[in-house]
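Below, each structure is written out as structure tokens.
Note that chain A is present in both complexes that follow, paired respectively with chain B and with chain C.
What follows is the complex of A and B.
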């Protein structure tokens, strides 16, 4: 089981490296799609079918958005990295964080032991015990999402609509033209 | 072991964000970091031979509590995945605007952004 997970994770790391290091932008986007689909397979093995389905849907949308953004635009290679000193400093910082977090790994629960088993009176246990009786939903994830933590989902919907509103505001053209015309009119008047 | 591989994924994303010049590559690196963080949260809630937290009609309730994986991280990661889609759409919109303005995705060419 964990060997399978390790193999899948190694494939994901290879895909991520290819996505970042390849020179062609389109193949980079397709590699990140491969990483996302592998991630959804990992979620399936980890007992999270809801997340796997959501991950597939979101991954397809991400691919469509990214390809729409880059196709017919600049697919030429942008070679070279940022200036050398900054790159060395940042890579050193990443390495330092990695070395420091090795000590942090010891604090984690061992893999295969859920956090709710280590904490007495964890809310997850309550949800599992009383989810069906209190909400009537057989799927406990849905029960948490829409009932126990419904305000979180409301906030999620708010963030989603705000971000899409922001994207539309950034991308629109019509209103900007009207604004320019209005400026001209006020100048002539 | 699995946790450290997960951290490697996050570190690769961080490396891409700080080193790459192409703005679309930076967006892609942020997406990879999100994958790593989501995977880490799901891993924390996993238990060996865990079943999905979906109740069966025939299932015994106490057995279900003993076997199901932690549903709380799953619910919150579900929220996080959907939010990451919205954030990515916003970033891509900004990239398209910047491309129209400067004619390139190269961030070193966008001189007027420098403070």
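What follows is the complex of A and C.
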């Protein structure tokens, strides 16, 4: 089980490195997609099918949007050497974060035991014991998301609504038309 | 070159397969939304699958057929409708039971594990599913409606697809 997880995580790291190092934008995006799909398999093996489904469908959507809408006509290849100072700073920062992370991991509770479980009468134990009786939802994840923690989900939906609103405002047709006309006028003048 | 409508989109093989599978993809997305309180999934995941069905239509048949199936103006309204359903459920709890987001429809024990259970969770999932589905499709439609051209001087132009090219 944990060996499988380690293999999957190593493959994810390899995919992420390929995504950074490759000079072709299309293969970089495909590597990022591979990382996302491996992550969904990891979620599946960790016993979180809800997250796995969401991860896999969002990954597909993002890949399609990235490939079709942003780079189909604008393939960028990156050339040039790497800055030595920037690389040293980056490696130092990564090492510092890694050392701190190892210190953090040592203080984690054992795998599968939530932090909140160690307190008597913790919310998570209450959810598990009375979730079905109180909400009537067989899927405890949905029961928590939309009933016990519905306020959080409302906040998330608001964030999504506002981001879509912003995206549509930036990409709307009218402003682009005016911009194109202004460009034409400045070119002819 | 025999008219743009037949040239738009991908090859006839892709179009035929799309006609066969897109209904099933849409149905699967609706199933994931409706059964979110019983099986893994829910409003968000199902909504993304619904959006993917429309995105497949856009890619295979072209922008025009897709916007005929789901008009972007209607989609923008549906986006607000989904958000309002979710908010309405939350406010209904406040009005009926004086608690924001209170589950006002109790589930008897006999109804557990059936489709119509879990009280307000089902309408919440439907609202989120509608919202996520149409809004992600809208973003894709807006993004794929323009493509980037790089001019000689390095400046970038955003041009609407389908007007200046055939």
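The rule is simple: the second predicted complex is superposed on the first by the 151 of 189 C-alpha atoms of A that agree within 3 Å, B and C clash if a C-alpha of one lies under 4 Å from a C-alpha of the other, contacts with A are read in each partner's own complex, and residues count from 1 in each chain.
In the analysis below, a contact is a pair of C-beta atoms (placed from the backbone, for glycine too) under 8 Å apart; a residue touches a chain by one contact, two chains touch by 3 or more.
Remember, it's a predicted structure, so these values are computed and weren't measured experimentally.
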Which partner, chain B or chain C, touches more chain A residues: B
Touching partner for A:147 - first (chain B), second (chain C), both, neither: second
First, second, both or neither for A:135, with chain B first and chain C second: second
Touching partner for A:160 - first (chain B), second (chain C), both, neither: both
Partner chain in contact with A:50 - chain B first, chain C second, else both or neither: both
Contacts of A:60 with chain B and chain C, given as first, second, both or neither: second
Those residues of chain A which chain B touches in one complex and chain C touches in the other: 49-50, 54, 58, 61, 65, 69-70, 73-74, 132, 138-139, 141, 143, 145, 153, 160, 164, 167-168, 171
List of chain A residues in touch with chain B within their complex: 1-2, 5-6, 9-10, 12-13, 16-17, 19-20, 25, 28-29, 32, 35-36, 39, 42-43, 46-51, 54-55, 58, 61-62, 65-66, 69-70, 73-74, 78, 80-82, 86-87, 90-91, 94, 97-98, 101-102, 105, 108-109, 111-117, 123-125, 127-129, 131-132, 138-141, 143-145, 149, 152-153, 156, 159-160, 162-164, 166-168, 170-171
Residue ranges of chain C in contact with chain A within the complex: 32, 36-42, 44-45, 48-49, 51-52, 55, 59, 76, 79, 83, 86-87, 90, 100-101, 103, 106-107, 111-113, 117-121, 124-125, 128, 131-132, 135-136, 138-140, 142-150, 157-160
Residue ranges of chain A touching chain C (in the complex, touch as defined): 49-50, 52-54, 57-58, 60-61, 64-65, 68-70, 72-74, 132, 134-139, 141-143, 145-147, 150-151, 153-154, 157-158, 160-161, 164, 167-168, 171-173, 176, 179-180, 183
Of all residues in chain B, those that touch chain A in their complex: 1-9, 11-16, 18-22, 24-25, 27-29, 31-32, 35, 38-39, 42-48, 50-56, 61, 64-65, 68-79, 81-90, 92-97, 99, 103-106, 108
